[in-house]
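As written, the chains take the letters A, B and C, and residue 1 is the first residue of each chain.
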Amino acid sequence: MSAQETPVKRINHGESPILSFENVSKRYGTLQALDQVTLTVNRGEVVCLIGPSGSGKSTALRCANALETLDSGRVLFEGKEVRADDNRNARQVRRRMGMVFQNFELFPHLTVLKNVTIGLTTVLKLDEAAADKRALTLLAKVGLSDKASAHAANLSGGQQQRVAIARALAMEPALMLFDEPTSALDPETIGEVLSVMKALADEGMTMVVVTHEMDFARRVGNWVVVFDKGRVIEQGPPRQIFEAATVPRTREFLNHLGWHGESKIEPAREPKQ
Amino acid sequence: MTFDWSVIWTNLPRFAEGAWMTVWLAVVTMALAIPGGLILAFLRMSPFKVVSFAAATFVEFFRATPLILQIYWAYYVLPAYFDMQFSQLTTAILGLTCNISSFNSETFRAGILSIRKGQWNAGKAIGMSDVQIMWHIVLPQAVMRVLPALATTWVSLFKDTSLVSIISVSDLSYVSLKIRSETYRILEVLTAMAVIYWLMGYPQAKIVDWIHRHYKVVE
Amino acid sequence: MAIDLSPFANSWPFLLKAVALTVFISAMSMLLGFVLGVVVGALRTYGGRFFDIVLGFYVDTMRSIPLLVILIWIYFAFPLVIGASVDVTSAAIVGLGLHLGAYMAETIRAGLTSVRRGQMAAALALGMSHTQAIRTIILPQALIRMLPSLGSLFVFAIKDSAIASVIAVPELLRQTQVVAGNTYRPFELYTAAMIVYFLLCFPVARGVDWIYRRVAHLGSS
């Protein structure tokens, strides 16, 4: 089976992409972190960025969220150029995007509830009561209503990451960015985070996910982008990438990962009869 | 108003003598306060409750009361009530040494306690004696950790020597204040005093920063 | 040697007022030092090269000149520069605060830089401005982490207020000298002053440690 025989069908509601990279390059000293990267994300898609460590996936996310300035090329979000060097523009962009970090980055001096409301009260200027209400709904959604008054230090890694997802969702973003959300987790808590992400995808949230969880990329992703040494070496629907990669380096990477299709996503609980 | 800076140049030798006394006081005090601090640290870690309590009380007391008051106390109280006659210089060194020893003792104690037990076990595991472990493993690591704190204390000490001027020890500040009252060139003399302290203290502050960067503990 | 407590019978209201002034001067210089410390520490960390160099000069200057010299200069020399006299208590508070502020700034700068970079990224990702992120996310963590150091600086503020006696601020040490001189009982008076300073400083040191043990986990991201 080849890419020609199964024409690539991406989710596209006839609109322009919500996020696009046009020949984006970024260099740190002598390291070419991104090299002429071009990719698009349509509304409703789950785009997974995969590739070896240091291949530029996380840098791409940081560029999308205006956390890095570009050396050349441009990033467009909702039709407007993302400019990290323009504070107003950067804040506007970040307000519309949620970002989840590898190390959770919960704010340790705040309770779980305050972690979720702080963006609402400081950035969106919601009053305390409205913010609390929205935060509690989201904590329920990630299954952590009972931890509202706990501090980050008292939560497991998986719980912390679910709070971080709730914190990002609270801003009602148009796009969610996940930067290796399960890489810092103990194996037994990875599943609970992936399940929350899958549920989010099922609701139609547009997501860009940097991940080493190939099972997630294959089953939840609609589009997979393979990075190597700062370049996009291949992209396509999951089936093509995982079963019929055309670029040898992609196959090498997948083999090296020892990917063998084991599912870590917890099955949704069956409703009681 | 007119300024007359010539007063500084004519009195330069006296400023220099005062500055020399300031340096001398700091050096002598530190030379005494390092062994003093080590002794207090070991006493405070003593298994005998009475000894460790006495050492702790001494240290906490000197750390929690003003040095300037300690100097007054040594100057007015010791001779009058305990029949001890010291020169002003001796009193000054005594006061400074007790104070700095107390700070140093906490530095040393923290340095020694910071070496993990695992280091002792590792030493024993390769067949070293306790003395060898102390000498080859624990002390070198402790020194690295203690040095930055000692350097910081040194700069405070250097500045604190100015407080002995209140009991007429002729350090830089005492000499300066004396020149001021002789010449009435208040602004000129006081500014010169501050500048001389700055010239001596500024490089020291920079060296302390360097030591802190250089000996940063990485674990 | 007989201990004579009679000086206290006559002078305790006088000395009590002096204790109150010591507390007032210490508290005001802590406040001034803290505000300076936060502003200078934050500007040196986030304000770019210009602020770092200029404010670094202020900090290192305060670290290299004795407090006694700073107080004497502000009270006796500064009025000649501006051509107006300076209230002695204000001079003491400004001198103590400027000196303390430099040390506070160094402490707070160390705290700010110790907070993981990801915390800033996470705050910015929520759409916060740099100022909001520093104020609501980074600074609170820095202050919690630096609490033990800030506590010892508070203790220094109390102890250093005694140096204001050299410019005749009627605080505890100065008034103790006055009563000791009038009554010829230096032992009783200086010892009493020593105890009072200890009672002011020791609880502050221990109190801060106590608080720190309870909040330390809130500062570790």
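Here are some notes:
As a working rule, contacts are C-beta pairs under 8 Å (C-beta built on N, C-alpha and C of every residue); 3 or more make two chains touch, one makes a residue touch a chain.
Because the structure is a prediction, the values reported are computed rather than measured.
Here C is the chain whose Cα centre lies closest to the centre of all protein Cα atoms. Note: the chain lying farthest from subunit B is A, by mean C-alpha position.
Between subunit A and subunit C the centroid-to-centroid distance comes to 47 Å (mean Cα coordinates, whole Å).
Remark: subunit B and subunit C have CA centroids separated by 20 Å (rounded to whole angstrom). Inter-chain centre distance (subunit A to subunit B, centres taken as mean C-alpha positions): 56 Å. Listed in rising order, the residues of subunit A touching subunit C in the complex are 62, 65, 67, 87, 90-92, 94-95, 97-99, 101, 103, 105-109, 118-119, 122-124, 151-153, 164, 167-168, 171. Taken in their complex, subunit C has these residues touching subunit B: 1, 60-61, 63-70, 72-73, 76-77, 80-81, 83, 155, 159-163, 165-166, 173, 177, 180, 186-187, 190-191, 193-194, 197-198, 201-202, 205. Of all residues in subunit C, only 116, 118-119, 121-130, 132, 136-137, 140-141, 144, 217-221 touch subunit A in the complex they form.
Across the interface of their complex, subunit C is touched by residues 1, 60-61, 63-70, 72-73, 76-77, 80-81, 155, 159-163, 165-166, 173, 177, 180, 186-187, 190-191, 193-194, 197-198, 200-202, 204-206 of subunit B.
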